[in-house]
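Input: structures, listed below.
The following pair of complexes shares a single chain, chain A, combined with chain B in the former and chain C in the latter.
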Partner chain A sequence: MSRGDKKSQSSIRKEDVRTLIKNIGKRVYKDLDSQIFPTLTLHTRSVKNLVYDPNLRQYVLGASTVTRSSQNIKQIRPFTQLIWLAYFTDKLVSEGKTSTLRDVFYSAQAFDVEFSDQSESDDIITDLEVILSRAREDFNVYPEERSAIFGDLDIEYTVKGYEGRGLNLTSHPDGFLIGPSLSTAEFIDTSAEIIIAVEKGGLFTRFVEEKVHERFKAIIIDTAGQPPRSTRYMLKRLSQELKLPVYVMTDGDIYGEHIAMVIISGSANAAHLRDLAVPTGKWIGVWGSDIIKYKLPSIPLSDIDIKRVHELKRDPRYSGGIWAKELEVFLKIKKKSELEAFAKYGLTTIVDKYLPEKLEEAKSY
Partner chain B sequence: MSRGDKKSQSSIRKEDVRTLIKNIGKRVYKDLDSQIFPTLTLHTRSVKNLVYDPNLRQYVLGASTVTRSSQNIKQIRPFTQLIWLAYFTDKLVSEGKTSTLRDVFYSAQAFDVEFSDQSESDDIITDLEVILSRAREDFNVYPEERSAIFGDLDIEYTVKGYEGRGLNLTSHPDGFLIGPSLSTAEFIDTSAEIIIAVEKGGLFTRFVEEKVHERFKAIIIDTAGQPPRSTRYMLKRLSQELKLPVYVMTDGDIYGEHIAMVIISGSANAAHLRDLAVPTGKWIGVWGSDIIKYKLPSIPLSDIDIKRVHELKRDPRYSGGIWAKELEVFLKIKKKSELEAFAKYGLTTIVDKYLPEKLEEAKSY
Partner chain C sequence: MPDSKTSFSEISPSEFFYRNRDLAGFSNPARALYSAVRELVENSLDACEAYSIHPDIYVRITAPEGSPNRTDSNHYLLKVLDNGPGVDAKHISRAFGRVFFGSKYELKQARGMFGLGGTMAILYGQITTNKPVVIRSSTDGKTLEVIHMMIDIQTNSPIILRRESLPANGSTGTSVEVTLEGDYPRASIKIQEYFKQTALVNPYANITVVDPQGKLSFYEKATEQLPTPPRETLPHPHGTDVEALRRIIKQSKDPNMLKFLCKNFHRVGDKIARKFLDFAKIDPTMSPDQLSNEDIVTLTDALHNFEEFLQPDGSCLSPLGEEIMKTGIMKELDPEFVVVSVRPPAAYSGFPFIVEVGLVYGSKQLGPGLQLLRFANRIPLLYDEGNDVSWKVMNEEIDWKRYRIPQDAPLAIITHVCSTKIPYKTVGKEYLADRIEVEREIKNAIRDVLRKVYSYLSHKGSLEMVKRKTNIYSHFLPLIAKFSQDLSGAEALPRYKKLLESRGMKDSETNTPETNTPEKEQSEPDTKPLEDEEQKEEKKILRFSKEGQLTLEEFADE
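Moving on to the complex of A and B:
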């Protein structure tokens, strides 16, 4: 509630997640009051229950559910872990503190709640995401990895100690880390008309130096390879709240294509979430066909690369459009290129020539 | 020259490196004018020529040199590559553009200068560092990886388009990326009395949330594991120009100990440089002995860990003080812990109890 009585997106989100967490507790108490053993029911995350939704262009969870009952000797362990996690994350949110997956694992020991290793606690955190239908960032569990953002966007923080303080995201030309403070900041104003996510830090710096933010009215995001979840969460918020189109630029190989795919269509691991995908986003390159068109230096696909192409061809997300087409091109030319390969034609060619041509081309698909 | 006629550190550095590069060219022209084949002479970087300097507590290059002559059919290739690189980096510095190791590899192709792969061009870049006795960051070749900084430090940029613009490094609570702009910024004012480098992004965020920058008057650096070179360069500048002590906090294992060692004493790979080490820095933990003292959750050392301890014991940098002592402790207790293990005693215990105790203890060694 940073400005007058208009509730901020961020405080709505925060109240919302606390209500959802409290509802878990209410259900448990209700069962106890009725003298029955409390249970929790959630959608199954097994591969069998993964369903591809062609409209959303995303994997979603199917109808099958699993129950964790406090009456069942095998289920009481995950049941207890989940209840503890709900308590712990509610405390995090109410105190405005953040933590990491690893912090959660160790914190449990303070409460004599046992996790045999971190993968077990990571699993329970995902279960809580499923129950709440909220990304763990909403209950203040953040990844350790950070990527970066730069561009004309005025933000206003909502984190403790910074309420109401703002910043323009062009004020530090090396870029701003996307951590808990930026993830929960309000977007106040922008002159940007598009968002460009690039796979590499070197390109991000090049884009800033060559003023891509001014020349293309763009907010620039460095995904630093496969983007950390908080960066995908940020991309979603930017596209949704500012209603700006998202363009993704990666290396010219199938791993780059898949980075773009995960940004746009989400991952199978996060099939229970809608807040980590930008279905309107577009992958603008480097395509296999660009390697030919722009005469880029390239190296041959390895056997592992080729095997990976065949795997992706079986993935329903790759069943049409440029996704399918470019997989075929990679397979045909058996070559891959890096974004830096454009440097053969001068350090700024990627900005002066390639980027505007690809943005223009993107209007047609 | 941002303020009056006082030349900035950054512009001095820039003029300095350009003079050094031009001197290479002058030498070549002088040889040509004297009708002799130009040669370049540089210190050998082979392991045989690595000498440990106990006063500097660093590896340095010994007296042996190698000559690259344009008269020698085998040497004309690296000779030409070096001359081209000197030309290319001089252009980078004069135009205020930055590049990455990979950009350099591809850029050479624009000039028909051949590198068979990136490792060959990386090698020549290191040769240029040796000749100039300057880190490649000084001639605008930056790593792609970035880590972060936060704390009360007013800086003023010197990069093109931002000259004279400033920022306080507490204004973004997720932290500021350390890229070319921050690396070349002037340090204007600070209330900080110490610098704390932490190995992990999660801890960095915790430190910001718990106001370590105010409570301990500290500038906080996230090294994100083994720090990128630009972060080591930044630590050196901060310690030298602000005359502040540097404390390094890592995981409680030998890899953490070695991260601290490289920050403090430099790496063997960079034996030709003095600008990437902070010899007055101190490793404040997590020590092997802290695992016992603070009853931290731990896991057993693996066989690989134990082999690595024995390797490090043969390294002269580990020959005394806490370095040697803690290697022995790890070997004796055969355990390791992570920084997050303190979460067993509450998320803020590491800040409320461990950090102040270790800073106090550091006065005694």
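Moving on to the complex of A and C:
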């Protein structure tokens, strides 16, 4: 596959989004011109409409739909907001500009379209994702928070003004922000054999210092807690395009477990989207059983933690395998531990001992 | 046997009220000044109305002169002048100088009942300032009788100090000037309120008030229409007591009981009289003079217990009527919405009464929240609201939730009870006893006006809704048109304007669903996926308000 092809593929993807967006406008225009109140139909984004797709190995939206009508007094405002967003993102994509979620909230005001708060505009953005079946990053809207990547990977930018410029992702020891430019960059070459996603910036820095990228031939990603979509999209691309296995390392608690779950199986909030899950990924720890096995310093689970465990137990994604098993362990030992807890046995123990053991163990499940 | 030191002496009515002036509303200087104003003004209004004259009342309260150190520094001069028929020269001194002398011992609706109040004011003035009262009156417009007099409290008779006849200025009327101890600063709020409410309930009267600071308030009449004057009526059997019955027997010259009953009682005819006599086991041919004292008591009981007497009619009453009451309310309160409900005549213990209730919504004259204005025989009742029957009905009998009126709605209820005998609880005439018949009429009238304000407010609400809806569409549709034009790359805006017009039209008429585009009401959008519960809650509220209208239907025919 030549470079030229890859670039055009990226721009084809953008053109594709623009066509979809414009189609919305065309339909609405046609209705209005025929004296009909335009409507838009989209899949219902309620928990009840979540269905697990075994082929995709992720949650998807079910068949239930809602119709937004501009005729309905309660719906005409969100309807207008949605059409405005289509108009706005069409401009973004065609001009090769990006916008943050917050930018979208403020930009609306220039067009007499008000959002009462950012959560309202975020909702409308999700609506547009559902209608287009495309992630917001596809129409150049990004969240504020960014996570980082480090490792031996040559990339080439596709963003405006940087087209064709290349970079190796080991050239800066703090790592590189996974933003719009990196998310859309082409992957040129790598010597890495695995991807390791870690929950915390501190551990990410330790891994860089301890040369995990060389010792384990790994690309390291800091998810900075629950990973933003651009990071999940990046993980998906790395896994798919470079055909590398993804390992996820989190704190030893249910929240860590859920971060791993979202990376691997997708989130409920993004069930309308594909390309955000890494079904082949593996959670290597810290497990509840590791707290016992490695005699990690721990703190007791709070009432809220225990409540959350019971919630997760009802979630079908946790119905089997390592997920169900470790959930039970947390509930049994009523303890949790952080990645930093390994520091009790020396700062490098986690890299020297824990990581290799867990990577080895991962081969068996 | 030693002489008994206990002496028995008769006291006159004047003496009695002198000793018990608290009962009549003269308990302290502030209250006394207010009561004096009220009694004299009400006498004037009654006098005018009895002769179908549009009342034109002038009231002046003059502040004490000189330094506050003088002993009479709280002696006020109160003058009330009317354009009534005047009082005949030979009656003046007794009319104003004797308790229980008056023109009001008839069974018809009047403000005062015993001719007591005006004399009380004069009596109070005399005992607090020892100054004579000055009465001027002209019955023909040619001569003016001027009398300076005091009251001999022990003998209940007037003492005329000076009397003269002067040429009059062409108009009839009476003026009373009394000097009395008062406290205007403390009484002023009630007095102002009294005049405002009096003007409300007497919108056909001109009232001019000059206060001690020389400030003039003029309440101009708003209508030429006078309420139909009440006709004098015979006593109703149910309202007759032993003493009254004895007097009627004494006065009557009827040959037999049948004629006696038919001629002396309200709404008693031959047929009913015969039935009653049968019920009371009295021979119809018997002469009334033959009744013994015991017979009179038995007869009184029978009169009370016989169920088939017709209820008293309203001819002896003079309600304001819907039109005059509305005029008065509009004039003094200038509300956004007013409704009046006039009940048919009813009776308690043989006394006929009519309840009229007005409701005012959104008056700048009144503050927020629910208010009650009470009137009886066109007199404002300003004291002891909490003891009044209307207050009781409003607070205990009315289910406010039913009418969906917000707590702080600018609402005022105006109750007017007119009767030949208002069931006052005290001589002070400030609040009505909770007679069950009166209570029921007030309750029904209040419910009636509340139903009307409910439908007014719902209609107003739906009009505002239509307006808001139209605004919403005319704001958003052009935006949708603009963005879709840009997205589709079309050269002109889509022709959406007709859609906008149709929207406005349809909404203002009815809420019939349009047929051109199916509207999926049942599938509300869930913008927030995890908040299904909240949305259910929202739907519940909507359904609830629909039920509210059903509830309205339910009580529409009570």
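Some observations on this one:
Heads up, the rule we're going with is that the second predicted complex is superposed on the first by the 342 of 365 C-alpha atoms of A that agree within 3 Å, B and C clash if a C-alpha of one lies under 4 Å from a C-alpha of the other, contacts with A are read in each partner's own complex, and residues count from 1 in each chain.
In the analysis below, contacts are C-beta pairs under 8 Å (C-beta built on N, C-alpha and C of every residue); 3 or more make two chains touch, one makes a residue touch a chain.
Everything quoted here is computed from the prediction, not taken from an experiment.
By the document's definition of touching, of the two partners only chain C reaches A:S69; chain B does not. When the two structures are aligned on the shared chain, A:D174 is found in touch with chain B, with no touch to chain C.
Of the two partner chains placed by the overlay, only chain C lies in contact with A:W84; chain B stays clear of it. Once the two complexes are overlaid on the shared chain, A:K22 sits against chain C while remaining clear of chain B. By the touch criterion defined above, A:T184 lies against neither chain B nor chain C after alignment on the C-alpha atoms of chain A. Taken in their complex, chain C has these residues touching chain A: 469, 472-473, 475-477, 479-481, 483-490, 494-496, 498-499, 502-503, 514, 516-517, 519-521, 523-530, 532. Residues 96-100, 102-103, 105-107, 109-110, 142, 144-146, 148, 157, 159-162, 165, 167, 171-182, 200-202, 205-206, 209, 211, 297, 338, 340-347 of chain B touch chain A in their complex.
Chain A meets chain C in the complex at residues 21-22, 24-26, 28-30, 32-33, 35-39, 44-48, 65-80, 83-84, 86-87, 90, 111-113, 120, 123-124, 127, 268-269.
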